[in-house]
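Next up: the structures, one after another.
Two complexes, one shared chain (chain A), two partners (chain B, chain C).
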Partner chain A sequence: MKRSEFLRGFLTAGAIVVGVSLTHASEKLNIVTTLPDLKSIADEVGGNRVEVFAIATGFQNPHFVDPKPSYILKLSKADIFVTVGLDLESGWVPSLLNSARNPRIIKGGEGYVDASTDVPLLQVPSSVSRAEGDIHIYGNPHYWLDPENGKIIAQNIYQALVRMDREGEVYYSENLRRFKDKLDTKIQEWTAMIRPLRGTKIIAYHNEWPYFEQRFGLQIVDFLEPKPGIPPTASQLARVIREMLRDNIKVIITSPYFTTDSAELVARNVGGKVVTLATSVGAEEHVRTYINLFDYNVAKIVEALK
Partner chain B sequence: MFSHDFVISALKVSIMIGLLLSYLGVHVVGRGIVFVDLALGQISMLGVAFANTVDQDPTIISIGFAIGGAFLLSFIKVADKRLKQEAIIGIVYAVTSAATVLLISKAPHGESDISEVLFGSLFTVTSEQMGAMVIVFGAIGLLHLVFRKKFFELTERIENHQVEDVGVFDLWNFLFYLSIGLAIVLAVRVGGVIPVFSYLVVPPVSAILLMHGRRSLVLMAMLISLLGGLLGVCFSVQFDFPVGSSIVALLGFLFLVAVLVRLLVMKKSRTRS
Partner chain C sequence: MAFSKRYVLRFEPYTVCLSVLLSVSVMHMSAEAQQAYGPVGDTTSTADSSLIREQVLIPAPQSQTIPRVAPSVNPDLSAIGDFRSSYTNLGMRRIEIYFNELELQVASIVDPYARAEFLFSFGKDLDSGELGIELEVATLTSLALPYQLQATLGKFKPQFTKVNSLHPHYFSFVDFPAMVNNYFDSEGMFMEGASVSWLVPNPFDYFQELVFEVGRISSEPIASLVQGENNQLLYVGHLRNFFDLTDDASLEIGMSGLSGPNQFSSSTVMGAFDVTYKWKPLQFNTYKSLTWQTEGMFSSVEVAGMDAVHTWGGYSYVEYQLERRWFLGGRFDYSEFPGVEGARDRAGTLLLRFQPTEFQILALQFQYMDRSYDRDFAQVILRAIFGIGKHAAHAY
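Moving on to the complex of A and B:
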């Protein structure tokens, strides 16, 4: 009796040890990101040691995501969770994390990555009242649209990878370096393409391009939305039309998840055009990686402004 | 499938919402006021918009608005046979929707706050929300269980257009609207507008197709709502769909089944006679 119990205990312990070491050897780190852009960067840094899943798609407005069961399941098994942070996903991330009950990836947990850490933020409101009509109290959250910030995001993800998987440190740091180098080369290429257009005035539908604008020297003078998140009003459209005629502005940039009716209306009135840029990886078929995202947007804007 | 906490809490919540709303729905359908749900939902949305403009806590203000709205709606009595209460409720819905849009357009933070406060998913219900629902739904359920005669008498009188003998302010009528207002505000915040509307309307209507007596009607409505919730949650988990729309789709399916059963029964009784 005693012996069989001992034997059983021994076998169980052995099985656990074997099981643990097996899963350790074969299983990759599970990473869940909110946006596909973060997934692309996590793929670059994590390489073949990670399995990355992005919750939102590239053609979806990241402010609104309807939870599906699979999101919660993936989050409950995740080792690392990467979020854009600020208040971009505040409508759906806290409740998803709450339902996933995974202590590793809750705010402050080892596997929680706020990708905005160390990013120099734009449009941080100076007054607490928010009366100027800014929904983003921490600053504009669309910071991944500046490729320089892609390097900071990569750095943040790298740190979490090393925290969770020490053995991979050398591999990850090599990947990180390669990704940063690649981005640096590309940034030079993109800025060279856009240089002749520096200072060109354009109009945007929603206030999500300040980082892109700053990096590439464009000048967004107004928005079709009178306030972020509020559909264009008649007086706002009239104002934009006046501005476009006065300053000879020809291009309105918008995103895949907004209707282009009002932008088209304004463009018809001033003889300009509407350019739908990709706000995220996956917004268009060819935009498969973070680097593609800027290849696509830079080419598109250069062509439109030519 | 049932080993995950979030699936279990979704099931629990769908049972709570289903039982209470399908019961209240029997009254709502009987009185012919199915849009009361959308109107009250819109009134609480107006509350959120208002809270935004005056920079106050949206939760409390939206509940306050819903209670106030329920109070006002309980005064609607239509003696004129050419009119139905529904028409007045429709006007309330349209005007409060417009007022919400007007308020939002001048509010500083736009639409996103509103949707954050008002629309949830059954999968992301918090334990606080669950606790609040147990207390409020339990209280409403108890009230209606104890005074079921009063509530049904009132509904039948309104069904038969005998509103003359219902006073200008009728306590039971107010309590009925208060129950609906509270139930809907809480339910919408965890379930979303369309699922809540469906829970209120589909089970009673399907039950009316199948049953006659009041008691069997209520029980059948509750059964259909439980079935719709259970199947909807399973469907959503199995095929990875948003849960609210899955439940609505399955309730719709059950309604179709009820229609078919009713047609078969009618055919049979006709051939028999």
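Moving on to the complex of A and C:
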């Protein structure tokens, strides 16, 4: 083969590859969320006009997600990016957004959604020092674990959808109303289930349940981690055992991404039990939606505290 | 996407030790334990716990929206310290104890179109004992170029090989591989110029990035390259391919090349490949991981009036995360020297790393260096890295 023919063939093949890729674009709005909970809510509001991808899985620690280059590719094509915000994803989202080459979805862009906007925050620190562990300066970021906040998240996503797709406004608005109504009904149901247990003291592994605790009237009195993000120490576990024995606390709640050794050790010493709750959609096989998340967690906690 | 996979990690020795400690602690309660359900029981622990929570955390009234932390336009500011102590079984002064480097980083979004980063290094020259200050990185990077392009201007680490673009505190081992040291400098190569990268569209929808860089080697000459006295510039290219093999495993394969002026008033041409395999179970990614990385590099140095000198170097390492805070690594290096025939280094390195939090790393490294041109030596290095402030996240 002559050199010029080879070159021509090479360039033609390259042009086909690029052409196929560029025409492969979807007509639906492309949404990338950091967590699957945000994806579930975006699916509810966006319906069949959106295609949603969640970066983290439901059983993954959302503080520590590897910023893989494959996520850069997803973000480069996104119309909307939804983040939990409040520095929860500060270890991995900035490097992804900086490399995404997509001005629509960087902070200030019309497709950037901070889902925490308008959420009433808990545990906003009065002072910040890393001596206190992984304290989040804007407040505790695990706010999606209060279903009331699910409605605010949905509202924030709805606003971005309308900004990016005016034609779908009525459709999105109807989906939003339906989702909020469904949540209202379910919140009443969950609250009724858990009402007899209000005020019950429990222990948690990590400080990620204050919104759930407040919504359902539970009382988390201590943590296995001596400080947020610092693994349990023997002295901390001994202290928790003393507390549990003294106050007759029988349940330790933990998350799918923590090993259960220390929690089980404490439970054995006090005759208690360890309950692994779902921190996000997808944490367990049948927790497929945001509503399922609370169906699962409320049922688990009620069963454990009976 | 796979759903929850229940790995339950068992550390029997850890559990046994913890049980003993707990038993002692609980027995120590004596009377307090007897009064566990009584009104006068030990309330110190709960009181301490409550006090800490009350001091640090202010719970919000449910009915009102809390005002948020005041917005600020201050850039992210961080300082990273690198302290070392070493013993080498060669030479007159065998023990070194020194503060190796302070790295000060300032980074921020400039406007909707770009971000900037400055990195100052305060380092000590071991021979003279003097403290030197160097601006290592000063870049303006675009955020809004069309066609999946991104451009960087300023001073930066060029993307020739995978390891060169890393800063030393982010590399697993205490030192860079011998090939970096022999062909560039102990901290790698820096250049001043421009870099353009492109996310290459492809029908298989995998991450492929093409990088092209042009400029001059920064300030002092390094082993392979000099600034050049005429208009001869340094050109660097890198092709990066990333594949998700499974949810837990990934493979990155890259190729890079460069051409630039050398100390013999002629050109150096270099080529390299890199392969990186990473495994991290998604569910327990803070407890277990494995990285295997291998790079090879080829150098052709032209010397005026003579045949080009071809040499090469490479390394391969494995790092395994034993536990949440403990890592174990091993590396093999082989490296010749640019423009020099018959000289080579061979080294075997073992590393034990303890990482109490993501802001502090303690590493103990043993290395045996076999040199074809001088006496072999063994070295033990202890390094402490500690960071404060908000450090910009590193690329994967």
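Rule of thumb we're sticking to: the second predicted complex is superposed on the first by the 273 of 306 C-alpha atoms of A that agree within 3 Å, B and C clash if a C-alpha of one lies under 4 Å from a C-alpha of the other, contacts with A are read in each partner's own complex, and residues count from 1 in each chain.
Quick note on the criterion: a residue touches a chain if its C-beta (ideal position, glycine included) is under 8 Å from a C-beta of that chain, and two chains touch if they have at least 3 such contacts.
All figures in this text were calculated on a predicted structure; none of them were measured in a lab.
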{"item": "Chain C versus chain B on the shared chain A, clash or fit after superposition", "value": "clash"}
{"item": "Touched partner set for A:Arg242, first chain B, second chain C, both or neither", "value": "second"}
{"item": "Partner chain in contact with A:Tyr138 - chain B first, chain C second, else both or neither", "value": "second"}
{"item": "Contacts of A:Asp66 with chain B and chain C, given as first, second, both or neither", "value": "both"}
{"item": "A:Ile230 touches, of chain B and chain C: first, second, both or neither?", "value": "both"}
{"item": "Per-residue touch tally on chain A - higher for chain B or for chain C", "value": "C"}
{"item": "Contacts of A:Tyr171 with chain B and chain C, given as first, second, both or neither", "value": "neither"}
{"item": "Overlapping contact positions on chain A, where the chain C interface meets the chain B interface", "value": "64, 66-70, 72-73, 76, 90-92, 95, 98-99, 101, 130, 132, 135, 229-230"}
{"item": "Chain A contact footprint on chain C (complex, rising order)", "value": "1, 3-5, 8-11, 14-15, 18-19, 21-22, 25-26, 29, 32-33, 36-37, 41-42, 45-46, 49, 52, 55-60, 62-66, 68-69, 109, 112-113, 115, 141, 143-145, 148-150, 199, 201-203, 205-207, 209, 240, 242, 244, 247, 250, 252, 278, 280, 282-287, 324-325, 357-359, 388, 390, 392-396"}
{"item": "Residue numbers on chain B that touch chain A, as the complex places them", "value": "4-7, 9, 104-105, 108-113, 115-116, 120-121, 123-126, 236-237, 240-243"}
{"item": "Chain B partner contacts - residues on chain A that touch it in the complex", "value": "63-64, 66-70, 72-73, 76, 90-92, 95-96, 98-101, 130-135, 226-230, 233"}
{"item": "Residues of chain A defined as touching chain C within the complex", "value": "17-18, 20-22, 24, 57-61, 64-70, 72-73, 76, 90-92, 94-95, 98-99, 101, 103, 106-109, 118, 120-127, 130, 132, 135, 137-140, 210, 214, 221-222, 229-231, 234-235, 237-239, 241-243, 245-248, 256-257, 259-262, 265, 269, 282-285"}
